[in-house]
Amino acid sequence: MAVDKPGLSVKIGDISFKNPVLTASGTFGYGREFEPFVNLHRLGGIVVKGISLEPRRGNPPPRIVETAGGMLNAIGLENVGVQRFIDEKMDYLRGIGTRVIVNILGDSLDDYSLLAEKVSGVAGISAIEVNISCPNVKKGGVAFGTDAGMARAVTEAVCSKSAIPVIVKLSPNVTDITAIAKAVEDGGAHAVSLINTLLGMAIDIRSKRPRLANVVGGLSGPAIKPVALRMVWQVANAVKIPVIGIGGITTAEDAIEFLLAGATAIEVGTANFVDPSATEKIVNGIEQYLIANKMENINQLIGGLRI
Amino acid sequence: MAVDKPGLSVKIGDISFKNPVLTASGTFGYGREFEPFVNLHRLGGIVVKGISLEPRRGNPPPRIVETAGGMLNAIGLENVGVQRFIDEKMDYLRGIGTRVIVNILGDSLDDYSLLAEKVSGVAGISAIEVNISCPNVKKGGVAFGTDAGMARAVTEAVCSKSAIPVIVKLSPNVTDITAIAKAVEDGGAHAVSLINTLLGMAIDIRSKRPRLANVVGGLSGPAIKPVALRMVWQVANAVKIPVIGIGGITTAEDAIEFLLAGATAIEVGTANFVDPSATEKIVNGIEQYLIANKMENINQLIGGLRI
Amino acid sequence: MTQYQTLAEVVKKEQIAADIFRLTLRAPEIAGCARPGQFVMVRAMAGIDPLLRRPFSIHQVSSEGNIQILFKRLGKGTTLLARLEAGEQLDLVGPLGNGFDLNGPGKVCLVGGGMGIAPLYFLAREFLRQSIPPRLTVMLGARTREELVTVANDFKDLGVNDLSLATDDGTLGHHGLVLDLMGRQMAREDQWSVYTCGPHPMMKAVAEMARQNEWLCSVSLETMMACGISACLGCAIPRAGLNGNYLHVCKDGPVFDAGEVAWL
Amino acid sequence: MTQYQTLAEVVKKEQIAADIFRLTLRAPEIAGCARPGQFVMVRAMAGIDPLLRRPFSIHQVSSEGNIQILFKRLGKGTTLLARLEAGEQLDLVGPLGNGFDLNGPGKVCLVGGGMGIAPLYFLAREFLRQSIPPRLTVMLGARTREELVTVANDFKDLGVNDLSLATDDGTLGHHGLVLDLMGRQMAREDQWSVYTCGPHPMMKAVAEMARQNEWLCSVSLETMMACGISACLGCAIPRAGLNGNYLHVCKDGPVFDAGEVAWL
């Protein structure tokens, strides 16, 4: 029996997405930048650039460098701040007709709960994604995401102030990502997304200087896909909440690997730079795969890995 | 002033290497395999395939899969066992005229100390490299290398039985690699080498099965270089013992990045598969760089990163 | 802000020096709306080596729907581009960036060095076509005659009469820097609008001369870029005085008023 | 165990079907010592995409120092190979592996399917040149006439008189499997040495038929390979009975006695 239009919609918390293809924070601007290249309405959702309480100017340049099959970035979380985001960017985003997820970041638990409060009441914002790869200023700059206790505390801080689903975005720079995922689940998260970037570095042997002004930066792109997929599979087997897979996803085949490994949805990051229409191609490619494999619903795919 | 022949030799523990270019364990067989392609005598040293007390047959196939800019392997530490290694492989290795380092692995502290004892007396073996990325059977299979206490214990076990320098090879799958490096230094290691492979995974979306029979495997190759370089830089700043850099090194430029970051020597792994003469080209390339940069000695390069 | 992603066919490939190439690409939508100073992000090949697109100034636009890029073979990306042959395709995103403001006051001087010449040709053509400035002077510099001669002739053919050349090795025009030409030919008293693109040190010196003479000066800058469309924030450069937010070359530029940016 | 790494020039490129190509490569050292059944590891391009070399059987060796590979365009590596033109270079490592043992008893039958035909041509030539077997029979299968016809003619030109063909779609020779040809043409009572290379299910069936008839059977196997030179241990396959150490295709093979390996 041929399937014409397989069901693509997935659910995270109590909100549903028309399909599992989201954009990864910091790689899709505030959505509008991609209007010339993508039918934004076709996407499952847009995760916007990470937002902090106050505007941030970010790191000095150089901020990016290409590496084998990937790139390093040290943007330094440059953003317009939550107020300008709400005032200037939300109108456009509301008009697209897809889910909008706001990615938040802070230096302290207070920052996170204040941000959650500000964001959760705004019309058109469907969920919060919490970037916990940021340094905790009070704990000497150790990232929230590298300690189960701190990760849980941030989750609780955000959940207690949020009326919308909370997705906690995990750092891969840890010994056991399932421990962090479980802590975050216990803290009340409605979903986890992973992975954020791997910490990396590059050196210019002519000048003998680091290629990034910030010395180290985050590695993203196809190079990290195997690590991301392994972590998604581990976490999907460790928690009950939905998992959103991120890391090097460039094609529909990549996305399907993550769905098979147990991801309920995926986010496309660096690929947006390489091919600004990547997200829409991935939605189409997943649909075609389901049709070719005679699956009526995306849920038949999710977690379908045969071991 | 032009430098004709810059000094390339480096020291680890109390042994010196004619140059800093070694081969990474598991990627250079027992040396002989590369005789047709490399002037083995020209290398700084050869680190042989990991050796255990008893022979191991390794994992079922498929054992390898190519990924973006890298590869995953799950060889499963197949090896001929320490006795056959000494009886059958050492004669040839002794004849090459370069340093031979034996990489050892075990399931328990006892395994490691027995191996150290067996190996350390054998003529022609210059140093031991301890692979601590192996599961500790007594601790439910958690890798020795992911826990500072266990890493230190393995180091002590090996050092107490070894009359030759002990290099501990660190796993990158940890939150803070400097903590492990320091524990290992405290345990008496003469040097650390890093990184071993990153844990990764790949799925065949046609069969819906993992591409490796072992499900997960180790990611190596150019893709991981930024992560390796960052860790080498962190560790070189955290310990006093020499650091050997490993991870994605394919060209002399790559090797020089690691030396600038503070590595005293480097190991070439996956690149040997891509270009079996890679190691020799890297030795030559480093020499040329020193000449072009008017450096008389490799020590002027090591740790020369300008921040 | 009309932008397109398009598979452009290589219509023509010219090797104009040992390492300098010019590609004519069929891209009617981009050709239809590009302004001088804008650029395209180019992907020479599917796959991940190199991963990112490369930015190139739009060198020329034709009424038949073609654009040209002029580039130097430097690394991986440009080596692949240089291997393309007519009939092959490549993926373009553009036109991107702000482009030059053609309404500078007074006489106009275009100062180009190396591959910085690329956008100035399109700019010169627009100035001539719209017959805007009272006087158009063009000064071009390169390392050698070989690198300069073909493009210099193109400027002549375009109708640029006031053209001065400089080469590092003296094989064509003045033996030295374009900066020397500026010092000689541009009277301090006159009002000039200077448009410059080239190596950073050259632009810095041009900007400094313009500042001292109180001439308007537009510079077209280069940085590393991942996206070219204002999504990655990788192309930041500091503002003059090093305060406030960073400027972003792909969106706020690549053309800036020289006084806006910090000349480090 | 003489092996070489060499930059080989593409002497000739033939497209013998929509997706099947044959490259003639100048590699005198390899040509000078290769035996049928051995292979080369090929790198079509510097860079990391794809990262690893690809293994190809040696299809033919000429006295002028050339070797040939015959391959199907499947993925990244073979797509790059198919783009090469005469005069370009590619990096070869070889000859690798054990090769066929030509001293099987009785009559000889070569059974090839798909690209598995590649090494059998070199093998047939050696048999004829050394005039070893009392009788040489060759049976080749492919999906379509297009995929088979050129190579089949080469076998005829070589002097293989006893040649039978089969295609999946019946456009050339028998409409069906090479296995059917074996069943029809090889008398059970005779002593045969069977040499086979092709898709895994085909070789499995050939091996099973040989076992039942107590014929000697050599199979040339494929696996994923990272190095081809016995350094990575990635090319393991299980032994018959699934016990003992694994076999390694690049060193213990690619040619095995069919009874040695586990047919999963």
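For clarity, chains are labelled A, B, C and D in written order, and residue numbers in each chain start from 1.
Keep in mind that, in the parts below, a residue touches a chain if its C-beta (ideal position, glycine included) is under 8 Å from a C-beta of that chain, and two chains touch if they have at least 3 such contacts.
No experiment lies behind these values; they were computed from the predicted model shown.
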Minimum number of chain-to-chain contact steps, chain B to chain D: 1
Of all other chains, the one whose Cα centre sits farthest from chain B: C
CA centroid of chain A to CA centroid of chain D, Å: 47
Mean-CA-position distance for chain D and chain C (Å): 54
Chain centre separation in whole Å, for chain B relative to chain A (CA means): 34
Intercentroid distance (Cα basis), chain C paired with chain A, Å: 36
Residues of chain B touching at least two other chains: 68-70, 221-223
Residue numbers of chain C (touch at least two other chains): 48-49
Contacting residues of chain C [partner chain D, same complex]: 47-49, 76
Residues of chain A defined as touching chain B within the complex: 67-70, 72, 146, 173-176, 198-203, 205, 207-210, 215-216, 219, 221-227, 229-230, 233, 248, 253, 256-257, 260-261, 289, 304-307
Contact footprint of chain B on chain D as seen in their complex: 1-5, 43, 48-53, 91, 93, 223-227, 229-238, 244-246
Sites on chain B touched by chain D in the complex: 26-29, 33-34, 36-37, 49, 55, 57-66, 68-71, 73, 75, 78, 221-223, 270, 272-277
